[in-house]
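The two complexes that follow have chain A in common; it is paired with chain B in the first and with chain C in the second.
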Partner chain A sequence: MTTTLPGTGTTEVRPVDVPRGRARRGRGGRSGKAGPVTYTLLTLAALVSVFPLYWTVVAGSHTNAELAETPPPFLPSAGLFDNFAAALEQAPIGKAILNSVLVSGAITVGTVLFCTLAGFAFAKLQFRGRGVLLALVIGTMMVPTQLSVIPLFMMIAELQWVNQLQAVILPTLVSAFGVFFMRQYLISALPNELLEAGRMDGASTFRIFWSIVVPVARPAMAVLAMLTFLTAWNEFFWPLIALTTANPTVQVALAGLGSGYVPQQAVIMAGTLLGTLPVLIVFTILGKQIVGGIMQGAVKG
Partner chain B sequence: MTIASQSTREALVAVPVSPAPTAQRPPARRRRRLSQNRWGYAYVAPFFLVFGAFSLYPFVYTAWVSLHRTSLSDIDGGTWVGLENYRDLLQSEFFWNAARNTLTIGILATVPQLCMALGLAHLLNYKLRGRTFFRTLMLMPYATSIAAATLVFAQLFGRDYGLINTALEAVGLERIDWESGTWSSQFAIAVIVTWRWTGYNALIYLAAMQSIPGELYEAAEIDGASRWRQFLHVTVPSLRPTILFTIVVSTIGAVQLFGEPLLFAGNGTTSGGSSGQYQTLGLLMYQQGWSNFHIGQAATTAWAMFMIILLVVGLAAVIGRLRARADR
Partner chain C sequence: MATVTFDQATRSYPKTDRPAVDALDLQIDDGEFLVLVGPSGCGKSTSLRMLAGLEEVDSGAIRIGGRDVTDSPPKDRDIAMVFQSYALYPHMTVEQNMGFALRLAGVAKSEIARRVAEAAAILDLQDYLDRRPRALSGGQRQRVAMGRAIVRSPQVFLMDEPLSNLDAKLRVQTRTQIAALQRRLGTTTVYVTHDQVEAMTMGDRVAVLKDGLLMQCDTPAALYERPANVFVAGFIGSPAMNVLTGEVVDGGVRLGTAVLPVPRDRLARASGGTGRVTVGFRPECLELVPPGEGVPVVVGVVEQLGSDAYLYGTVGDERSGAPLQTSDVVVRTEPRHAPEPGQTVWLRVREDALHVFDPVSQVRVD
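This part shows the complex of A and B:
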């Protein structure tokens, strides 16, 4: 790989030696070394990605007047904790975080279980109408949320579920993406021989699922779990309709934050930070895996 | 061999639906595989039960509601009005305003976003120190919720206390009242969408780039193609299916744009600015249903949104097929 020069834009023709070709193929795609320009641009992009989050901390710790000064403050201050307290007082953020953990957790467990079951069937089992059903699953990825919220709202009104967490959990318990994701993974990861060996041993279909399919599917299930949790935590439209600020998820509580008559930016920002911190912490720990999961899903999809 | 012949018949039925590699297998094996037949339904049943109750049924029922005049306060008491809601919608200036805004914000948010994502993916594909570090940081916005991102950007774009206006003033430019202008507000909303999704799409492109065979680049190099020409003539064509896929996904997202315009003014008003300058179709639908209580109208708008998505996806499919044919 040492023979590869950094991006110069010139059109040198170098002798093609076999070892380099093989090394390149091994890594897949091109693999020139990054030059200073690349590092500069990527650092800039990384800064733009992170700055708004950092600014939440800064803006959450200063008053409106302080923020309007030139130059504006660029460091957080101890005022942040007063604003945390104010935000917790103005909006039920503590309750919202607890609710979001419950809702996202339940949705994640349900989605991973149901999507693994269905993904396995679509990948490895023969049954009539399989193609049509799979097409139906994929087709639903195009349907906008807006198209289902009205009957769903009527349904939960009928069941008197307005403002109750199951109203948010149940409709989101499966995901078409999840089925597709698990199917794509299991097609290649689960050898037919393994299934047949299990069947030869006389294992029931249910046992085959638990003892053969699930262990093989575990890495993909973990990725799906992370992505599902993130999506569920950030879900906005349906929770906003189904819940009120009396029993909110984090997103519903955040939507209510700015609706005071005299919006105090610092308090809004402090509240936003509180509601975002749990996912940011999870993301800091599992970021590498989430990145890998998204890239893996992209190739298979 | 009655069982075998029966399963052969089933195989014949099953083959056109899914061309699975059963045909070449020895008969004994095929029989065993097909004997799991009914179990397939058991495995997909939980998914389709939830899916049917909370996705398929609502989907169809929304069409039914759109043919009624129904109020949110009296959900069961709708009156049949046929296609009147659709006629009203097409004659409504609010609908056309929202459709126009959705289109312009959609273009502002999608085109630069995907171009930047492609460029970033190209950069991330070099041999890098701290690869994971860069990738993770660029995915941070994706992990931030719409509500949080919008509140932060509303602060940044704020007229009086916003950092962007402070910066503009510092370099001798005028402060901008981002929220009240048509273009400025739509630009700001597009920035939020772009911020949240660029890194995600860059990773999708990066994954696709890494599966391009290195030989293609070597061949191009031998032909004397510069880095830029390699990018244009090797990378982009190889990525075409992925690019088409991201265009479709972003467009579907853009048509449904809702949270950003709802929270951009900070207070959750459904009008999308004092003169509806950034009201989108998603926001209009919410306003019709949950501010004005006209559920029937909201259902009509929802169906119109779905039609637009179908149109876009259909168009993408046709383009994809035409390009594939042209390549052959």
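This part shows the complex of A and C:
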């Protein structure tokens, strides 16, 4: 902790800066340059990952008939915009995207906040029944969602929340996985002495949480936020039950697309693209900041 | 500024069979620099943390400035602590680290800035106020940790091995700086270390702990001159005091075939009818005498330090020179005329420098 590596004395943080200790150990002393093999493998992996998205674009820009040809088309065409129009006509995709942003945003904020609070409590506070409570929390991970759907729906109906967004937001406002994840992170990343220093400086537990725990937990919070947002955005089962196509999230809206005697593959694909683009754009633009934010906190003082 | 009192303070951790700190009685004066020293696991940190309010007190009481704080939370005790790992807030700049406590206490911004600047000037940290801890060297971090404590002008400073993460040279430098700073501020300080040299050089008084029990608390000189028991005798001083146990004979204690003279009254009280007695003498309190007088020692190793030489040997047979007893003896001598390894030297203990202990209770006898 007291050794300062050469070159670490600068204050700016480079965006792709792996925590140093780990990087050194992992490479076992070899130089940090990647060879041609690494590049080839990474390129292949990237291509494989991007292909489904590309296919969505291709399929979304043709008609059902064109898609059925052999060989199938390999390039996108201007038909994409016709299909966009068709999709927008068939389902309230604009509203769905807005709903999804609200739902996923609220779930993300709630999950990150509550999981960090609970994770901190389980990791660092002494209270009676801590072990039992933690076991219970983790135990809920074993219960399949399908099992709780009916009671949950009855509760939602009782509250007259059917087809309202809070019916989707509330049940997932905190996740057992998130609690466990934050707990594990804080156990290793947050030294007890830091909390004790806070107490000596006169901070209340709440103040310690805001001023010390949250800054230290930021990298893990960013990761949890990303995971939670994507999961919430892609969630289909429960929103389909709790909402209707009149007030849908993106996934529910997509379910109503292209449904006819013959499913309109192209329209479905175009709609899917519309529903995926916002997330894609956000993560492309913010990706660097998110990674940067993660790494900024990850280098321990 | 305040006095600090430990009154029979005891701490037993759950699921342990003996207390980590056992009925500790300590009275620390206003403005005093008290050092807690002892081997690893003796309860130094626990004692300090009890005073800080970070550890429960199971029985007994702790008072700061006459006020009973046994059950008060840390923030109501008006104390500041320097941690071994420094525990600097990684996301705050040096300035924010130092000002955090004042900010929490609702001190005005301008006042915080003034006090932080003042502390930074004392500790030579002005150029680093905008840096984060990770961009500082170990020594600088240590000073920030000190700064965080002094900006608060607390009643008491607590320091738990604040120098153990520094390299040897910096440690010696910082040691004197901390001692000087404490004298200048006049704040009552409790300082924990396992290094007896640190303890002896820094403390107004030194409290020696062992297995949660207070062995002795006195000035460095008194600890050195009159250790209260065998443990303190062996712990304080480097190289350690020679401590040997032998059979009581007329007028002294038998070491090998020689007899070390011990005053009769002390001999009688120390042996307590067991027929044995423990004696101690420091390496620098031995004189070389002509062969045949005093106690023979076979030299094993000679350590040349330049200013001194230390002989490590075993008490040997007067006639054959062969070791009879495997107790090691350390002798400080003139470096230029040091004997060779394998040689036998004859030693006499300066009379005023002989320590006598009861071999059973290990307690000093005067």
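One rule holds in what follows: the second predicted complex is superposed on the first by the 230 of 301 C-alpha atoms of A that agree within 3 Å, B and C clash if a C-alpha of one lies under 4 Å from a C-alpha of the other, contacts with A are read in each partner's own complex, and residues count from 1 in each chain.
What we mean here is this: a residue touches a chain if its C-beta (ideal position, glycine included) is under 8 Å from a C-beta of that chain, and two chains touch if they have at least 3 such contacts.
Every value quoted in this text rests on a predicted model; they were computed, and no experiment measured them.
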{"item": "Between chain B and chain C, more extensive residue contact with chain A", "value": "B"}
{"item": "Partner chain(s) touched by A:L173 [first = chain B, second = chain C, both, neither]", "value": "first"}
{"item": "Chain B versus chain C as contact partner of A:L152, first or second or both or neither", "value": "first"}
{"item": "First, second, both or neither for A:D201, with chain B first and chain C second", "value": "second"}
{"item": "First (chain B), second (chain C), both or neither touched by A:G131", "value": "first"}
{"item": "Partner chain in contact with A:I281 - chain B first, chain C second, else both or neither", "value": "neither"}
{"item": "Chain B versus chain C as contact partner of A:A85, first or second or both or neither", "value": "neither"}
{"item": "Touching partner for A:P215 - first (chain B), second (chain C), both, neither", "value": "second"}
{"item": "Overlap of the chain B and chain C footprints on chain A, listed as residue numbers", "value": "1, 8-11, 196, 199, 299, 301"}
{"item": "Chain B residues within the chain A interface of the complex", "value": "10-11, 13-14, 17-18, 20, 22, 29, 32-34, 36-44, 46-48, 50-51, 54-59, 61-62, 65, 75, 120, 123-129, 132-149, 151-156, 158, 160-161, 163, 166, 169-170, 195, 199-200, 203-204, 206-215, 217-218, 221-222, 224-228, 230, 235, 242, 245, 252, 255-256, 258-259, 262-263, 266-268, 282, 285, 289-290, 295, 298-299, 301-303, 305-306, 309-310, 313"}
{"item": "Partner chain C, residues of chain A touching it in the complex", "value": "1-4, 8-11, 191, 193-194, 196-203, 207, 211-212, 215-216, 297, 299-301"}
{"item": "Residues of chain A defined as touching chain B within the complex", "value": "1, 7-11, 13-14, 16, 21, 24-25, 27-35, 38-39, 41-42, 45-46, 48-50, 52-53, 55-56, 59, 64, 67-68, 70-72, 110, 113-115, 117-118, 120-122, 125-134, 137, 140-152, 154-155, 157, 170-171, 173-174, 176, 179, 192, 196, 199, 205, 209, 230, 233-234, 236-237, 241, 250-251, 254-259, 263, 265, 268-269, 272, 275-276, 279-280, 283, 287-288, 290-291, 294-296, 298-299, 301"}
{"item": "Of chain C, residues touching chain A in the complex", "value": "52-54, 73-75, 79-81, 83-85, 87-91, 100-101, 104-105, 131-138, 141, 148, 165-166"}
